[in-house]
Every structure is written in structure tokens, then in C-alpha cells.
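Both of the next two complexes hold chain A, though its partner changes from chain B to chain C.
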Partner chain A sequence: MRDLYDRLSALFPLGTFTEQRPDLAFISLEPAQLRSVLLHLRDREGFTHLVLLTAVDWLEDGQFQLTYLLANRARACDLGLRVRIDRDPASMDSIHDLWPTAATYQRELREMFGIDFPDSPRLQDDFILEGWQEIPPYRRDFDTLRYARETFNERPGRVSLDPATHMRDQPLTPSGR
Partner chain B sequence: MTQIDMKPELQPRRVTGPDGIEFDVEPLRDYYCPELPKVEPPAYLRIVEDLFNWARAESLWILGFGTGCGAIEMRPLMTPRFDAYRYGIQWRATPRQANLFVISGYLSVKTLKRVIRSYEQMQNPKYVVGLGSCTINGGMYWDSYNTIKRLDDYLPVDVYIAGCMPRPESLLAGFEELKRLIRQGKCEGGNLYAENFDWYKANQKRVIHDWDMPDYNW
Partner chain C sequence: MALLTPDRSQYPALKPDGTLDIDLSSGKYLKLWQGPQHPGITGNMSVELTVCGDEVVEGKTHVGYLHRGFEKLMERRTFIQCFPIVCRICVPEPDFNEYCFAAAIEELAGLEVPERAHWIRTLILEMGRINSYLMYLGGQAGSLGLGVIGQWATYARDVMLDRFEELTGGRIYHMFILPGGVRDGLPEGFASRMEATLRELETVMADIYDTMFCNAVFKRRTVGNGVIDRAWIDPYGVTGPNARAAGVAKDLRKDKPYLVYPQLDFEPIIGTDSDMYTRADVRRRDVLLSIDLIRQLFAKMPTQGAVMAEIPNVLHWTIPPGETYICGECSRGEYGYYLVTDGSGYPRRVNVRGPSYTHAMALLERMIVNANIADVAALMVSLHTYPPEIER
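What follows is the complex of A and B.
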């Protein structure tokens, strides 16, 4: 994977390179470079499959990190491109014309993280949530527990046990050991 | 309760037909029945009602609608290993042909809307079995933003089968328990739903924010 990074960095300004496994690596880069790198990887390097497009909320940095994971079937390796974008307002160029499946991922990211992808088809349609009225639920400043307590009634009598202490005090065999 | 906007296709409007004639369409009145459900009184004699209940207990038709991961536990029941058919329990494809709704596991708000539509389309007498911890108190989804915690807030439940997941044997035991309750005349879910209709509807509309269907789906 290192030789691929060397070839790419001769052509594009790239950020850091992280090799997770021999067949999995990540490259961070600027949002402006993303499209040309994706096109190059798809058409010249054989990364024809968009495995997933997902986001991480870096709340403290005020940024979202988008990960575009590509697969090269012939060489059986995956390459992830990491892009940092502003959190508010969160907006990124759509890549639905490179991979049509990206439109679905972008719909999901719009709904779950509130990231806008201008011109992506059916972006504003409901995807999983219907009639959601709060801030997008995967943003880290959304308080899931408070929302669940306020929205759904609890049945009294539910207890939560700490797995470590509970399993330690639990007799594992009939003899009690 | 806040007023929810119906989707455009359900709003009254004026349309032009293929022959150029304009006419008014009010989908909620034209396509659906606005009538609300009524309580069905028992038979005129107790012994007749008992006979009916005995017959109902031996004729359970499950709606083939899996809401969560628990639906996987119903597959072995349909096949020779556990074979629920020997207890007179069968699966049907549509709500019109079924009288038992097994809520199989976690229920997201999106699925709840489809469940309510399907439940209301089933004919009386109808029964609901909650399968797994998720339907009882939320189970492992107790802090989820999109999963209901108590099924009996939204639908009248006759029997809960605890477990995560309950094995097919537990389901068979649960169905036998349901039969016992039906024979005793204690499974009046459809009537309970009609009696407390406003309470159920208020609960349902509190979590389903895009209510875009009539109040009762006949």
C-alpha cells in the first residue's frame, strides 16, 4: 500500500498515511482534492467499489470526518480516504455521479449527521427516521438518553447490573465455583 | 397534541382526469373509512361465548410480519424440528387473514407505524404477543432514540414472552399460554383497543411525528 501512496502523492497533495493492515490503509486529504483522487483511484488504480461512506463527529474540533472506503477487487485491498469538513454548516461535494450508491449514503449522512450534499438525488427525503424534529441523532451533542427518557415510557422494575461484578458473584457451576 | 400536516398525496385537492374533467379529491374520505372501531359484545349466553373462545383458541393464524431480530425464531417453528402447525398455529401473509400479531423483538418508530396499520386491518377477535425483552421494557435498546420501550402503550398485548431471544420452545409455551387465556375469555385486545382508543391514539401520535394516515385503518 505504501507504493500506492507514493504514486498518489506524486500527483496530489496528500495528508498522513496510516497502514492498518497489509490490505487496509487510510489517507487523509483536503476536501478540495477528494474528487480528483477518487476519480484517479477508480479509473487508474482499480478501486472500482465504494464500500462505504461514513462520518465521525469530532465535536471538540468543530469538524466532521468523512471516510470514503474503496475496494480493489483484483488486489483484494481496501483504501480509505479521510476528509475533515466544518461542522457548522456541514457541507460536502456529492459524489453520486462517480458511484450511484453514494447517493444513499449521503441521504443517510444528511439525516443522521445533518451534513448537506448539494445536488445529491432525493437528499431531503426521509431515510430511516420519519418526521424527526430534533437535531440529527448521530451528532454527539444530541443527548440520546434524555430523548429516550422523555419520549418513551419506562416500565418500572428494570435494573442494570455491572457485568463484571455480576459475573464474578454468579456461581458458574452447580458446585458454586 | 400538535396538528400534523398530512403528506401532499393525502391532502384534499382538485385534479383533472384523463378526459379533461376536473373534480375534487379528498383522499382521507374517499379512500378510507372514517368510522372508529366499536366494542363487540360477547355472545348472548356464556356457554356460547365459551364455545366460541374454545374455537378461537384452536385457530391461531399468525401474521407473517417480522419487526425485529426475533422474527428469526419463528422460522424454526414453521419447519419440522419444532413444527408449530401441530398445535394449530399457522402463518398467513396478509393482515386480513390473520388474527395473531407476534411483535418479534425491537420495534422502531418507523416500524411501529406499519405495525399499527397492519394491526388495525386485522379482524376481530385479534391477539398480540410481545416477543423478547425489547417489547417488555426496551431490552438492550432501552436508551435508543428510535425504539419504543413498552409495547402495551401502543397496542393491547395479551402475552409477553421474555428472553433475548426466546427459544422456539418458549414461543410454543407462550402460544399455549395464549390459548389458555383465550379459552378463559381474557384476551379481549380488540375490544380494549376500541374502548381506550383515544389513549392509544394519543400515545401513538406522541412518538409518530409524521402521522399521514387516517386514525383507524380499516
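What follows is the complex of A and C.
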């Protein structure tokens, strides 16, 4: 994977390179470079399969990390592109024109992390949640416990009986003896 | 078989933003909901259809009926506490979640898994694959009116669940694969009882072949219907049997060998026609391949040795910062876990990449256009989707 990084870095300004395994590496880069690098990887380097697109919330840094994971079937390797964007407001260029499936990932990221992808199809349509009023739930500062306590009623738990005591107190016959 | 030759002049025009200009008040179109409770889909998922006559003009997949926030839940739990959660992301084939998550933890924590555990993990994954395919075969046949196949497939699956119960103590969720290896070795006499199960499965599969794949109705409804264009494979992220039925020999067991697959003798099952029939046939042949692989596993598996590595105290287990992606070939295609750790005792981020995510959303919405209403259920099933892995 190092040779791929060398070829790419000759063409684009890239950040850190992490070779996780011989068949998996991650490269950090600036958001402005992403589209060009994706196009190059897809059309010139054989990374034709978008495996996933997801976000990591680095709350303490005030940033989201977007990970675009691509696969090259012929070389049997995966390459992750890491892009850091501001957390508020969070916005990133859409890549739905490069891979139609990206539109689904972007809809989910808009709903779960509040990341905007302008011009992405059906971005404002509900994906999983309906009528959600809180902050996007997959952000680190969304408190699931508080939300559950405020939204749902407490349900009494099951009663557990000590088998020995319980059986001793049970009548052995219908007459109670 | 074309059931209707539609009048194309009735079709809606495209709006500048690429969406269809559908005027429901015109009386030409009708909204029809397929699901969310439909026997054609394992789990709950609905497709909002806009139909013109009995032909589908537009389809939109709706999910969210099974959302439990697994990925978020895992961020608040220790690594070991995540195991009762991950298996529930995919009910019919839960073991892939356990394997991918455990392997991701092992990689980031630098754990070395004993050789024998690799063999047992491979065995469990192949047993789960058979179960998943049997559930599919029953659903696919049922969507076209062959209800008895579902009963046979359920029986065969139940026989394999007996082996799962014997091996792991659980029928559906096993939690047998843990970081560092597997919980235990094989029970005494397990190989001979598994052989009897495999023979029973072969009998059922022969019956299913005769009754389903040689059935004239099944053939007429599926041959040449629901074709996945080979040009869609990469743009739509198509993997697994859906891609292999189109002649694309993508099988991660061969492409990116993991566990003990390099030591097994097999070739990926592929088809040529990419229609519903071919996809069903690829999966039927995959069951037979899995049966063969299980026999190979028992023939080559070491019978002695450790099955679990030494792992730290799981209550105080912190994993160094890092990120990785582990994937494998499940019954539906590429199944993967993207795990990010930050040096704490909890995962920073877990993202589950299920094949249904692309198959049931973008691909299904693309394929369903121009389909006949009567074929929609069969088309949905033919992609073999499990909604929980879409909405995690």
C-alpha cells in the first residue's frame, strides 16, 4: 500500500498514512482534496467499490471524521480516506454522483450526525427516525440515558423469588396442607 | 413473462432535480405500500410503491421499524459487554457479527488467536451460512406461492439449530466467538452427529431442487426476471450471491482469505444470467458448498489444543487508539465492522457494514422500476436482505 501512497502523494497533498495491515491502509487528507482523490482512485487505481461511508465524532476536537472506505477487488485491498470537518456547522460535498449508494450513507449521516451534504438526493427525507426533535442521536453529546428517562415510562422489573423460600411457602395440596 | 405491456405515454416526466413528477390527483397513479410486515422480507421493511396500472413507476425503501441504536449502545459499553448486542444485528446469521467484532478487537489489542479456534470459528460461520440460506429459500419459494418449501427449509434449519444448541448452548444467538478465540471445543461425538445432520440436509436440498427449481411456475416467474445489470455491480455496491449470479466471482473467502479458508479446497459459486432464478440457484449451490466445506473442516481440524488466548481482565480492558476494518463473506455478501478505539475501555465508534444496506436501498429502488406488482415480493426476497443490518 505504501507504493500507492507514494503515487498519490505525488499528485495530491496528503496527510498521514497508516498501514493497518498489508491489505488495509488509511490516508488523511483535506476536504477540498477528497473528490479529486476519490475520482483518481476509482478511475485510475481500480478502487471501484465504495465499501462504506461513516463518521466518527471527535467531540473534544470539535470535529467529525468522515471515513470513505474503498475496495480494490483485483488487488484485494481496502483503502480508507479520513477527512476531518468542523462539527458545527458540519457540511461536506456530496459524492452521490460518483457512487449512487453514497446517497443512502449521506442521508443516514445527515440524520444521525447532523452532517449536511448539499444536493444529495432525498437528504431531508427521514431515513430511520420519524419526527426527531432532539440533537442528532449519534453525536457524542446526545445523552441516551437522559432521553430514555424523559421519553419513556419506567417499567417495573420482573419479580425474582428465591426458589427455596418460594417453594417452602407453597401449599403442597389444594387444601393447603 | 410479461404480464402487461404498459402505455409509456402515461409515465411521469422528470423534474429538474431528477425526481419524477407524479400527480396523484390525475388518477393515473396509485400509492401502494409493500410491508412493513410482509412475509417476503426477513424483518420489517416497507417499499412505498407508485404504480401505474400494475406496473411500478417508482419505489422508495423505508426502514426504521427495527432501529435499536446498536452502534450508539456499544459506545457506552465495555468491549465484552458489546457481544450480547452485536449478534442481534442479524438474527438469521448472527455469528458473522461476533467474528468481525472479535477480530477487530483482536487486531487492535494485538491478541493472537489459537489455531484451533480459527477452525471452530470457520465451522460456526459455515453452519450459520447454511441456516441463512435455508431461511432465504423458504422465503423465496413462499413469495411465489410454494409454501411447502418454507416448511421443509424450516425443518432443515431446525436440525442445524440442534447442532448449534449442542455446540454453543443457544439456538439463535450463540455468543460463542469471543475476543481471543471461542468459548469451548467441540462436544464428544459432535462430528458424527454433524455428519448425520449434513446427510439430512442433502436430502432436503434434493427435495427442494426437485420441487422448487424444477417447478414450471417458479421458472416462469423467475427466469429472465429481476435482472441485475453487471454494470451496476460496483456503482451500487453489489456483493455476494447477487454479484456472483451476474458472473462476477467476488467471494471474500477466496479474494481476501481469512480464518482457515486458504486451507480448504473450493471455488466460488457463480452464475451467468443474473436473474431471480440464477440468484436462487447460486444460493442453493452455496448450501451444498458449505456442506462440503464443513466435511473438509472436520477432516482437517486439529482435535487438541487451546481454543482461547489469554486476555486481560475484561472489566478493566483498555485498547490502544487505532482503527481497522474487518470483513468476511456472509450469505448476503460483504459483511464488515469498522472499529475505532481511543485508548479507553469503550469503543469510540463501531460501524457495521451489512450487504443489505446497499442491496435493499439504492439497488432495490433501481430494480423495482418497471416491475409488475405481482413480482415485487419475489424481487425483494431475491436480493436476500435483512433490514436490521440497514438500521443497526
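What we mean here is this: the second predicted complex is superposed on the first by the 157 of 177 C-alpha atoms of A that agree within 3 Å, B and C clash if a C-alpha of one lies under 4 Å from a C-alpha of the other, contacts with A are read in each partner's own complex, and residues count from 1 in each chain.
Everything that follows uses one rule, which is that a residue touches a chain if its C-beta (ideal position, glycine included) is under 8 Å from a C-beta of that chain, and two chains touch if they have at least 3 such contacts.
What you see is a predicted model, and the numbers here were worked out from it, not measured in a lab.
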Contact breadth on chain A, by residue count: chain C or chain B: C
Chain B versus chain C as contact partner of A:24, first or second or both or neither: second
Touching partner for A:126 - first (chain B), second (chain C), both, neither: both
Which superposed partner A:147 touches (first chain B, second chain C, both, neither): first
Partner chain in contact with A:155 - chain B first, chain C second, else both or neither: first
Partner chain(s) touched by A:99 [first = chain B, second = chain C, both, neither]: second
First, second, both or neither for A:12, with chain B first and chain C second: neither
Partner chain in contact with A:137 - chain B first, chain C second, else both or neither: both
Chain A residues contacted in one complex by chain B, in the other by chain C: 126, 128-130, 137, 142, 144
Residues of chain B defined as touching chain A within the complex: 4, 108-110, 113, 136-138, 142-150, 153, 206-211
Touching residues on chain A, where the partner in the complex is chain C: 18, 20-21, 23-24, 26, 48-52, 54-57, 67, 69, 73, 76, 78, 80, 99-101, 103-104, 121-122, 126-130, 137-138, 140, 142, 144
Chain A-touching residues of chain C, taken from the complex the two chains share: 18-19, 60, 63-64, 67, 69, 71-73, 75-76, 107, 234-237, 239, 250, 255-256, 322-325, 327, 334, 336, 338, 340, 348-349, 351, 353, 357-358, 361-363, 366, 391
Touch list for chain A against partner chain B, complex: 126, 128-133, 137, 142, 144-145, 147-148, 151-155, 157-158
